[in-house]
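Next, two complexes with chain A in common: one pairs it with chain B, the other with chain C.
Let's turn to the complex of A and B:
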């Protein structure tokens, strides 16, 4: 997994400049724009940070508005939801029913729901900016945000395990029963690596790399279209139609990826919690 | 190969696998604020409202069921009442019909008796009248016979012609009397 992600990066870490033409393919520098505010301090705000804050504000306004309609419906005993309320119920209910309750059951599902809904909405909100014109880059395409979310998931499933089993959690996690004693050291090492090191890393990398790759693909397609249409001549202009079509299709694909990654991130977090809570596996 | 890539990335100023401080800080801010919002406001309101709705729907369903059962019971009652009323009506009609035939028979009997009585009375009256007429006639005929006889005796000595005149005159008187 890690090696895969790195080999994907290999293609993009060095800018490719094609011979004599003026076309420059997008590079990893795409993700490091100039700071706009507080440059040089730990609070440096560049374009991506601004997009994150924008998403934070929009998401906060949206979900608080939902909270208000829920509370109002409760207070006025109006049990017929409005359209807006229904949207909120579908969105929050999706995480609650299809992810949390399915994996953890109702009681534990509701217990860990705040983390799960937060992760789902942040990932979805941050991913979708990648295809919104004028924003055009996913807030989750810099490793920091996926890493923070992955750490949240990591801390939570370890907390869940210790809360339920005490130090027995380490035993069930690292020394599963039913394994022949000869293999125990090996299994111990594998489980230690996969459970306590690779889980958060893969969570963060999967999301980041999906967004990085998606963004680079879109930039590549549209930069090429621009180049073919306005800087090349003759038959090459026609190729611009092809690259534009690719760009269009990949934009639609990115919408799917945005939802899918939000779902996958949340689902895996839930599964990790579920495994930590399980008596034995 | 992985080692080479990491070397290459280390040479770059920007490493996509290592977060910058600002990246981590702003990410944490976003995460913390949204976690707080969901935890503190959105999810409690969501759950409370949903539970209340479930309860309300269940309550209303139970109420509806009760109302339906009540309505069904009422309908059964009404139907039973209707059947009883229908039966009662039929009974009353039958009784009335029977009574009516009895009354009709009585009335007919009464009428027949009345008619008979009237007939009887009329017969008796007629008989009495006839009797009276016969008696009167008998007495009058006697008187008339005496009148005639005396008239005949008076005129007898005159002529036959005058005798005939007397008889004619008597007959005419008689006719006139009977006309009166």
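Let's turn to the complex of A and C:
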């Protein structure tokens, strides 16, 4: 009976994997499309680079428009916000209140607010392109951009620590007080690894890998749907409905992930700054 | 005889062992995230007024736990081949 089940399973799986016209499963090559402009030079622009530039331009226009609206409202003492201004206030106020002020307090929160707002909006903008039709790939799905943002966060929290404590920052970060002397070398090594190496690496990797995995899932779902609907026959056409539903649900999930990763990236940057600023107990 | 069929199928299996490895790595992160979230839900049920603070801590905890599975996802690209 088990043999029967296995052969049945084989019959079900085989047409999907090695069908006549062939189902091409997505691979990591998805993230290395051909160059569109300046191919062969170090400035080669492929689809992902174009999307990044597009997002940056759109973000700049949006933020400048918000800044003008805010300044105008402030100058004319018009305290009834327009719809556009309201959106801006909610978006910027979210980073300011529920991330910066909650973790750092008002004074330090406002000090680091420009960096945090920049990180939040860039990450969000780059993530959301992953589910926008016709763009369909997240600008942050290659390690370069998350790495730059993570380096920004890294430099900032180290700067914050040194500015506040001088070289005492290294002592509080690497040799926390209250640890038995026997364990100090071990704690030193662990803290060195986790604070100065793993923090930026995980910041960048978390964002990249979430976007990579999300994109591959979506491609898998919709490629399978296309295959089932147009290239297979009989019962398999019905399975296309299932894969399409999965694709749709995962698209919704990706919207959540895009916001969540922007939030988590900003929140972790804030927490790292807060840990660097905290006094030794 | 049936066991032999299964064994033959198992021996004849092709593909990357890395896939199995990632599945194993995901177990740890899955259990970890489950623990973080379940404890947060418990705490919020006990003290609903602390919900917003607990949620922030929960996201940080999830981010750290999840990082392990994501590092596992990245390793084939770095060390593979």
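By definition in this document, the second predicted complex is superposed on the first by the 259 of 281 C-alpha atoms of A that agree within 3 Å, B and C clash if a C-alpha of one lies under 4 Å from a C-alpha of the other, contacts with A are read in each partner's own complex, and residues count from 1 in each chain.
Convention: a contact is a pair of C-beta atoms (placed from the backbone, for glycine too) under 8 Å apart; a residue touches a chain by one contact, two chains touch by 3 or more.
Everything numeric in this text was worked out from a predicted model, so none of it was measured.
Visitor: Between chain B (first) and chain C (second), which does A:232 come into contact with in this model arrangement: first, second, both, or neither?
Guide: neither
Visitor: Check the residue A:102 against both partner chains and state whether it touches chain B (first), chain C (second), both, or neither.
Guide: second
Visitor: Of chain B and chain C, which one touches more of chain A's residues?
Guide: B
Visitor: Who does A:115 touch here: chain B (first), chain C (second), both, or neither?
Guide: first
Visitor: Does the superposition put A:213 against chain B (first), chain C (second), both, or neither?
Guide: Second partner only, chain C.
Visitor: Who does A:28 touch here: chain B (first), chain C (second), both, or neither?
Guide: After superposition on chain A, A:28 lies in contact with both partners, chain B and chain C.
Visitor: By the touch definition at the top of the document, which applies to A:92: first (chain B), second (chain C), both, or neither?
Guide: So A:92 only meets chain B here.
Visitor: Check the residue A:202 against both partner chains and state whether it touches chain B (first), chain C (second), both, or neither.
Guide: The second partner, chain C, only.
Visitor: Touching A:152, do we find chain B (first), chain C (second), both, or neither?
Guide: first
Visitor: Per the contact definition in the header, classify A:264: touching chain B only (first), chain C only (second), both, or neither.
Guide: second
Visitor: So which bits of chain A does chain B touch that chain C touches too?
Guide: Touching chain B and chain C on chain A: residues 2-3, 6, 28, 205, 208, 212.
Visitor: Provide the residue numbers of chain C that touch chain A in the complex, in ascending order.
Guide: 1-2, 5-6, 9, 52-53, 56, 59-60, 62-64, 66-67, 70-71, 73-74, 77
Visitor: What residues of chain A sit close enough to touch chain B in their complex?
Guide: 2-3, 6-7, 9-10, 13-14, 28-29, 31-32, 35, 38, 41-46, 49, 52-53, 55-56, 59-60, 63-64, 66-68, 70-71, 73-74, 77, 79, 88-89, 92-93, 96, 110, 113-115, 117-118, 121-122, 142-145, 147-149, 152, 205, 208, 212
Visitor: What part of chain A is in contact with chain C in the complex they form?
Guide: Of all residues in chain A, those touching chain C are 1-3, 6, 28, 98, 102-103, 198, 202, 205-206, 208-210, 212-213, 260, 263-264, 267-268, 271.
Visitor: Per the contact definition, I'd like the list of chain B residues that touch chain A in the complex.
Guide: 1-2, 5-6, 8-9, 12-14, 16-31, 33-35, 37-39, 41-43, 45-50, 52-53, 56-57
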